[in-house]
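Next come two complexes, and both contain chain A; in the first it sits with chain B, in the second with chain C.
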Partner chain A sequence: MTMSITVPTSARPSRTTKTTVSPPWVVTSLALFVVIWFVASLIVGPALLPTPLTVAQTFISLCVEPLAGLTLPGHVASSLTRWGTGFLIAVLVGVPVGIAFGAFTYVREAFTPVFEFLRYIPPFAWIPLAILWMGAGQTSASFIVFIAAVPPIIISTQVGIVNVDHRLPRAATNLGSGRARTVTEILVPVAMPSIFTGIRVAVSNGWMAVVAAEMIGGTQGVGFLIIQGQESGDVSVVISGMIAIGATGAVIDWIVNILSRQVMPWRRSK
Partner chain B sequence: MTNASGSARETLRKQEKDVSTMTEIKLSIRGVRKTFHTARGDVEALAATDLNVAEGEFVTIVGPSGCGKSTLLMIASGLEDPTNGDIYVDGSRADKPGPDRSVVFQQFALFPNMTVEQNIGFGLKVRGVQKTDRVAPVREQIANMKLGGFEKAYPSELSGGMQQRVAIARALVLEPPLLFMDEPFGALDAQTRTRMQDEMAKLRSRISSTILFVTHSVEEAVYLGDRIIVMSARPGRIAHEYRVDRNSPWKSLAIESAMSDPEFNSLREQIWQHLHAN
Partner chain C sequence: MSKDAPARRTARASTNRVPIQRIAIGAGTAVVLIVIWHLATTQLRLLSPTALPSPESVVARIVSLSYTPYLGETIWGHAWASVQIVVGGWLLAGVVGTALGVGMSWSPLVRNLTFPIFQMLRSVSPIAWIPIALVWLGIDNSARIFIVFIAAVVPWTVNSMDAVRSVDPLLIRAAKTLGAGRRTLTEVVLPAGLPTLLAGARIALGNAWTALIAAELLAAVAGLGFVALNSSRVLDTPTMLAAMVIIGALGVLFSFVMLRISKVLAPWAKN
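Now for the complex of A and B:
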């Protein structure tokens, strides 16, 4: 028996609409997690793993009292800004590039070899370069987010366009539609579920990347906060930061999911 | 305008019309050949084929699968290129596919992201017809095709028969001089299919389009066509041709009743024998 998880793993959008878990299960699942955590902290001792209660207290105090310059929500907001910048640029670049790859064979043939090579370099391997180029700050973290978020958007968009039933552009041509109109009014809307699958993967990839970038070369943000916790040996600060990271990621994913249903009214009725 | 000149003009027009239906060729398929390149060498899907279709004529093409009948239709519509040969519409060479040569596909090919209304109106929108001016023709098609109440529905919410009606409406709204139908009822269940065949016969009397209709159903070909082209396979070519008198009494019957007519049956028998002889 597996719990469904809200992060899509495949580029095929066939089942992304029904991955939400019903409320009673959310409560049961979280409660079970807290219980296991509590038992584990009793076994290994609070120095290595503080109890859920201790972490909750730290979490609350971090929300009011600044640590490393900002409160916990402040750090989250700071990370979100960097994430948002990188992610937005990734969407603005990735979707058109994916459309071009999917709709125009010669574009795909010209750029795919380079793209395939680049996308096997992990985003984290770009961090040193980003710091050398842009310094340890906002810009390089956003850049890392971009690097992490753009490949799934390009790939899913391309796959979505390529997988559109070939009869649809044919029918559009027959009705007098030119290539540009067929792309914008048929191919892209029909590929939208796949595009959104890529965007959802990009959301989580980007969010993970911003935390990693802040951990290595940050001056603020949740990633920077948990590194501060590590340096001061405060496990409950580290765990509080991790909880904030997880919760924020889940919320962003939820928002994107709702947004995707707004954009594709024709998928709602299925 | 006096009565005399009016009736004279009428007579003249009638003559012109008679002459035109006798001689005016709407669509001319000339020496069209199609070869597919495969790993095992070239396959001739369609041998050099000639076919003339008169203005207003309803031509059905029937044949076994692989006889190239759909290929012929796609080439005639401009959606596929022939290996050799040319397509002429109204006497001039036609190259680009377009709404003057409308196609109704077997698998409907409706746009899933658009409502029934939007699907039907798409061709008009492409043509540059303003939104307010699209309402009336779209509404007319919806009424004619018995799609009332489903204007805002998406294709995925419709039955197969309704989807095909939307596809036909989407083509007809453009009042295409030429209408190509590629096994349009092939994907429907038997009952829906029969109903659509009856509706197609009625529709035909309402519209002025010249129609080329591909099917693998002999009954459908006989029932709907003014002329029936029988094709054979390997390579695909026109093997036989039959003309049906448009005024045959069974032509005005529903297909189920028409099928018990002796004339209908003898025609069906003959065509069956050709298909089996292959």
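Now for the complex of A and C:
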């Protein structure tokens, strides 16, 4: 079989994301959701599904009273530090590796099969190994974030570099630009939109990974919180944690989106 | 002119060496890395065998676990347990996701009512559903099928939405004008949308596999993730790496099989 590099699939902008629902319908839809939730919780009982009201109360009290060592914002912040560390290292490693893969055919051909195989091992499968190597804590969670975040960055950087019109670097060389300058002033800026596509995928992959790592071998963080909620049988804590996970994920995606517009003012990102 | 330049550049980059040479370079690197791994663990002893056992001990473990049961089953028995759950949840998600996606792109009422809920729920990663699945369904297979379902249903839905909407309305009108009638659906909409749907199915299977491994690490009584976690608790690193290797190999296999299926079902798709 041929081992070809594929663009991270979720990174492909879908042609038809014009799925807009008008604000009144959004409100109606979400209200419908709350009603269904409420009715369902009355049917199955609060032990399995607490009412939206109970969850709201738990959410608010978790924001002020610590549970499992920290308040809910504290757990989110704790997860974010691990996420940030792993993600930052993934960018620092992934972009240069991606440039090397894109710019040097030999490097790409040599490492693609190994890289592709490793990529097929889900990041979570590394968790037991990470715990064994680094113990259950900050470092192993950051390592898992790194494992989850680095492949999309490498791949989309490589794709971005490979797709640069080959006349551009030649023109730059003809006009007297050196190798390093061609990379930093031609290849990287032209590949930037592609790199950012990978970074956005990496952001959400990494966030998912940190939650999983904390659930399996954590001592704090929002993933640890929801597992604590499950172990003590308090579903409202679990759902509050899930809301925090979803909201934080949405916020960091939004920040990266804004950032990408700042970095690439010439391209209006969707 | 400038538009097709990148395509030419890419084509040139991948065809300037014959495939056999490319495979040789790739395989050569893999062999070199495995030899380094071998030397680092057995000759130089840079790492303790608990931290990283030698590659041959991992292979030996895969072989011995093929006939000696580990935690109730052989390693292939565990692999089969994982595969069954992933395929079951993935198919279930396919039925629900395709119906939902087609419904959302077909009917404005369905879209208005369900799309905001869908967007809100998908922002919660499938992994975060594991604790609640455990509360609701226990450590049964059903909890893991549920997690696989949550992970797989999003790409199924999104791509079936895209599949329906990507069909050029002009084609549909042309077919109708030419008297296609009901055949519009089978001969225009389906062939035009099928590649997008199959791409969604492939992403869904990959996501499902990833999510299942996480679920098995947390709560399971069989499966490769279960093997990996239990072996790590007793510092049995060869078994843990054996499980990781098989997890990766099955991931490759799933992707390969889905590509083959896509080529058979929709040979007209642009890759």
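In the analysis below, the second predicted complex is superposed on the first by the 225 of 270 C-alpha atoms of A that agree within 3 Å, B and C clash if a C-alpha of one lies under 4 Å from a C-alpha of the other, contacts with A are read in each partner's own complex, and residues count from 1 in each chain.
Everything that follows uses one rule, which is that a residue touches a chain if its C-beta (ideal position, glycine included) is under 8 Å from a C-beta of that chain, and two chains touch if they have at least 3 such contacts.
Keep in mind the model is a prediction, meaning the values are calculated, not measured.
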{"item": "Chain B versus chain C as contact partner of A:S232, first or second or both or neither", "value": "neither"}
{"item": "First, second, both or neither for A:M242, with chain B first and chain C second", "value": "second"}
{"item": "Partner chain in contact with A:A171 - chain B first, chain C second, else both or neither", "value": "first"}
{"item": "First, second, both or neither for A:I186, with chain B first and chain C second", "value": "first"}
{"item": "Contacts of A:W266 with chain B and chain C, given as first, second, both or neither", "value": "first"}
{"item": "Chain B versus chain C as contact partner of A:W133, first or second or both or neither", "value": "second"}
{"item": "Per-residue touch tally on chain A - higher for chain B or for chain C", "value": "C"}
{"item": "Overlapping contact positions on chain A, where the chain C interface meets the chain B interface", "value": "165, 167"}
{"item": "Chain B residues within the chain A interface of the complex", "value": "77, 79, 97-99, 101-103, 105, 107, 109-115, 122-123, 126-127, 154, 156-157, 170, 174"}
{"item": "Chain A to chain C touching residues, read off their complex", "value": "1-3, 9-10, 14-16, 19, 21-22, 25-26, 28-30, 32-33, 48, 105-106, 109-114, 116-118, 120-129, 131-133, 162-167, 204, 207-208, 211-212, 215-216, 223, 226-227, 229-230, 233, 235, 238-239, 241-243, 245-247, 249-250"}
{"item": "Interface residues, chain A side, partner chain B - complex", "value": "165, 167-168, 170-177, 181, 185-186, 189-190, 192, 264-266, 269-270"}
{"item": "Chain C residues within the chain A interface of the complex", "value": "2, 5-6, 9-10, 12-13, 16-17, 19, 22, 25-30, 33, 50-51, 104, 111-117, 120-121, 123-132, 134-136, 155, 158, 161-162, 165-166, 199, 202-203, 206, 209-210, 213-214, 217-218, 224-225, 228-229, 231-232, 235, 237, 240-241, 243-244, 247-249, 251-252, 255-256"}
